[in-house]
Amino acid sequence: MKRIGVMTSGGDAPGMNAALRAVVRWAAANEVEVVGIRRGYAGMIEGEFVPLAPRDVANIIQRGGTILRTARSKAFLEPEGRAEAARRLAEAKIDGLVAIGGDGTFRGAIKMTQEHRIPIVGVPGTIDNDLYGTDFTIGFDTAVNTALDAIDRIRDTAASHERVFFIEVMGRHAGFIALDVGLAGGAEVIALPEIPTGPEEIAEQIRLSEAKGKHSSIIVVAEGAYPGGADTLMKAAQQIHPFEGRVTVLGHIQRGGSPTARDRVLASRLGAAAAETLVSGSSGVMLGEVEGEIALTPLAEAVERRKPIDRSVYDLATVLAE
Amino acid sequence: MKRIGVMTSGGDAPGMNAALRAVVRWAAANEVEVVGIRRGYAGMIEGEFVPLAPRDVANIIQRGGTILRTARSKAFLEPEGRAEAARRLAEAKIDGLVAIGGDGTFRGAIKMTQEHRIPIVGVPGTIDNDLYGTDFTIGFDTAVNTALDAIDRIRDTAASHERVFFIEVMGRHAGFIALDVGLAGGAEVIALPEIPTGPEEIAEQIRLSEAKGKHSSIIVVAEGAYPGGADTLMKAAQQIHPFEGRVTVLGHIQRGGSPTARDRVLASRLGAAAAETLVSGSSGVMLGEVEGEIALTPLAEAVERRKPIDRSVYDLATVLAE
Amino acid sequence: MKRIGVMTSGGDAPGMNAALRAVVRWAAANEVEVVGIRRGYAGMIEGEFVPLAPRDVANIIQRGGTILRTARSKAFLEPEGRAEAARRLAEAKIDGLVAIGGDGTFRGAIKMTQEHRIPIVGVPGTIDNDLYGTDFTIGFDTAVNTALDAIDRIRDTAASHERVFFIEVMGRHAGFIALDVGLAGGAEVIALPEIPTGPEEIAEQIRLSEAKGKHSSIIVVAEGAYPGGADTLMKAAQQIHPFEGRVTVLGHIQRGGSPTARDRVLASRLGAAAAETLVSGSSGVMLGEVEGEIALTPLAEAVERRKPIDRSVYDLATVLAE
Amino acid sequence: MKRIGVMTSGGDAPGMNAALRAVVRWAAANEVEVVGIRRGYAGMIEGEFVPLAPRDVANIIQRGGTILRTARSKAFLEPEGRAEAARRLAEAKIDGLVAIGGDGTFRGAIKMTQEHRIPIVGVPGTIDNDLYGTDFTIGFDTAVNTALDAIDRIRDTAASHERVFFIEVMGRHAGFIALDVGLAGGAEVIALPEIPTGPEEIAEQIRLSEAKGKHSSIIVVAEGAYPGGADTLMKAAQQIHPFEGRVTVLGHIQRGGSPTARDRVLASRLGAAAAETLVSGSSGVMLGEVEGEIALTPLAEAVERRKPIDRSVYDLATVLAE
């Protein structure tokens, strides 16, 4: 391969820029040209291409978001859209693609490969950590630390006011953020999509805490742990056992910010490995880090298999909450 | 005076511990004993008193929240409750009181002085900055920086996704946080209780931005700027001019965290000055910092007069948003 | 004036970009063109000019450093260099200049005005806060908070290990950073250029602390407080009274980082006011904020008069250190 | 076992408190009493014991340092001192010990077991990450992120001034911090004890950068990478090829601060597992996390075997530095 494309797609995640930088610089060191595709599949269809040399990715390793931007594309959901995207890639003499994103990004990649034989290698960039084939996705560690900082702040108020705080963190289908944040934040209860905790259990837990003379609690709730989220869950629990509660939905602050060291190192490793994998002729795989080693997983498997949460960590959090 | 009481009351604010430390250490240096009253007026009625020596306030200057905790008291709203509180203070031989808090705290203090002749001096501890008689309240600077950090994070995503973000910050009656955060965060629009901005203006502003090719915006909204808050405001604007928007309500993370240097310095100055003012025989006043100097304001004036926002800063923010 | 230049010069300070943004956007709103001069006086002599439109300063308000960069220029110290600089400005049809920097920057500006009648207005951008005519310089608040964060970290270790830590902060001629950091960090001793503290006093202070059973201390030392800095001072104190001590020189981390809210607001106000002042025909003045209001001070006075530290804050810190 | 002791020893590390909390709470949940030993081996000899119940470790998971404190003990280096320590443990009916610390701590533990048959289990708490038998030590991730934050700040200035910055990070014998920080911080050169980089190579690298028009560089140097450290290394390089350079020694700020999520999760896992291991009858082992799983390593092996740095990460950093 002489020229490869790189794009970021789906929800942005801290470390995407670090991955992008690694793709560009590894390629340059190996005499492969890189073309950046702006705004994901939308920009691919519209031919928003820009050459990327090593200096173009200077001073971005520490930046949140993605300098290539990202977007949703309705057109790409149709075969005509994908055909146009393939035509644009051919026109620009792009021989293969590194796609940085989450499951939506990879589903699109699978279609492009099936329909138009474009070689594509995926890099897992999403804060949710919900991709099979990598212990951690790029952005997860930063999101967890951002949420944890918020919980540390709220604990100051919870302890001062003797209140129960429900904190909703991201995770519609997966509880990875909630689990790590809950353990690290010393939460009294953690509600996950994988291990549902109903209002009865929460009410009971609060009653027990009160009986022990403990009047402030932190309850961490993953978005998808209860229909209606943390707010509905709290109100249902209050119906069973009244208590003074407050809800905070952390929302989009979890997506941004300068990536942590771990996310930068992971992104650098996976970005470089993705470029190397693509150039060496592989396609249809996602690069991941499993038990400290670089690992390849078929894109289809990465999006379809479910990565389980570590039940022992959940049990540990329960024990340590006292 | 030989023994004074100190309490924190109302919503907690970063820097309350620094103020408390200053009261205790100034008093010790001047041979006055200090008694800490736990849980505000509620603890006063229940006699939750604890002697405070200089070592008891070691290593707290950097902590958010308040080690004395704070609470609401229904009993204190009744004359009988306040009489009981006065009896408790007399019993403990407390000659006067430093009350750290916001307007609710000071209203209670005014009643205690009127009904029971307890000498009380107030220290403005509230993140809202809505007290007359001080340029800044303790906790305001920290809250603004916390909110600003959140906006910086969200801007990463806003810029990457070409979306409009509505960010609701604290401020039910006063727009101080929203104004400073809006200017410092480079917000395109700032909606304040003092200068209402309706959905029409916001829709128009977004339309203009789009016309200039700018697809991401940050709209900072004070809690009390629009009935129903940022969410209602966004939906109303979308009815007028459709756009892709997201709402984030920062909520209680703004209350917590380690205080900034400015809040620690302010709290130290006001705490020490409050102890000195009380011991020297004054009462019924709030200590503040006005134009860099310590200033006294009658408690009644502090809670009743309205401190205006600086219109020129608002106009500047508008010009600088481009 | 139809076209003005803007430059940053001297040591960089957080908030310089925010000031630059304010100059550019105020000017654009008032139909004045802005030319950015790269690398301070060095770039002026070499004609490194770049037009700056409002979009060119988008998304920089939160960035540390200066996008125009800064440099030292030996050539500018000579009359020939300054003549060449003036020629370059005339050639580019630049009618006046906003200079963002510290005393070296302003001394250069004074010469340019004297020798070549270039209208120049100064904006105080330096972390040292050592300019007369403004209560705070741009960058000071950020530097203080950065140093404070470092001290909070070191205190964890100091408390765990029962050691005495000497922390050297910036400030060759002025103790503003040391004073605020010392008070806010709860330092046991603060050594300033303005109020020298010798090894005898420090040894005595440590001896007293030990006698009270307190085995960890924080000593904040301004660079210029003692010949040889914190290291020499500690060793001299150890000669008098042996103790286990450690020195940390914070150094250049104090210069960088995203500016605080306060620095961004100050920079925005002063940048806009500087552009307005220049365009309205004034010259040879520095814009400052004094007691909350914008104030003008002749450049010569700004660099020659000495702004005193607030002795009452120093005394307060001493009392509160217990 | 009915009663176990726990102590922190050696240099403090962020996450020690989280590990301590996990030991105490796991034990309480399993009906084992816990006694805290203050000030490491020094406190053991002096019998500074304190019972620790679950509420005693509330609200410490987020705190840097160690609430048990730590100290060096000369007495413990002698057989008599260790005999006295054993006597104290017996007197307090302590059946076994969890020792949180680094290699010095474990060497002491080995002796106590050999000489006095005290069952001891180790938990790796040290920022240096230089223990065999665990992929990461507790405190390492926090130290790396603290150093990275400093580098991000310095880069602002480096980029603004066109200077070369040498940043010395901790690591006398091991380059783990330098390697991760160097890669994540985008350093141009990384000097490690394991892979020495002399002044010639650095001078050559700077010369090449200048030839490419790049005038600012970041050089990360581990303490033990060059005799005399970063300062000596820089001066030697300047002798070969003159450049404007600055040195910053990060020092003790790397030890403190609130632990990251990763460190809190790791500390919680290892602390609980250590208590469980000890109670179940094992001794003379260190708990670690290897490839995501809890692993046991003999204490002797943990301190004697050398954990290698990952050469591929070093090579990657070199490629990505452009």
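First chain written, first letter: the chains are A, B, C and D, and each begins at residue 1.
The criterion applied here is as follows: a residue touches a chain if its C-beta (ideal position, glycine included) is under 8 Å from a C-beta of that chain, and two chains touch if they have at least 3 such contacts.
Note that the structure is a prediction, hence the values are computed from the model and not measured.
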item	value
From the options A-B, B-C or C-D, the pair that copies A-D, where over half of the contact pairs coincide	B-C
Whole-Å gap separating chain C and chain D, where each centre is the average of the chain's CA atoms	35
Rounded Å distance between chain A and chain C, as computed from the means of their C-alpha atoms	39
Whole-Å gap between the CA centroids of chain B and chain C	29
Residues of chain B touching at least two other chains	152, 155, 159
Arrangement of touching chains [line / ring / star / complete / other]	ring
Residue ranges of chain D in contact with chain A within the complex	18, 21-22, 25-26, 28-29, 54-55, 58-59, 61-62, 135, 141, 144-145, 148, 152, 155, 159, 180-181, 183-186, 258, 260-262, 264-265, 268-269, 272, 291-292, 313, 316-317, 319-320, 322
Interface residues, chain C side, partner chain D - complex	8, 11-12, 14, 39, 63-66, 69-71, 146, 150, 152-157, 159-162, 165, 246-253, 255-257
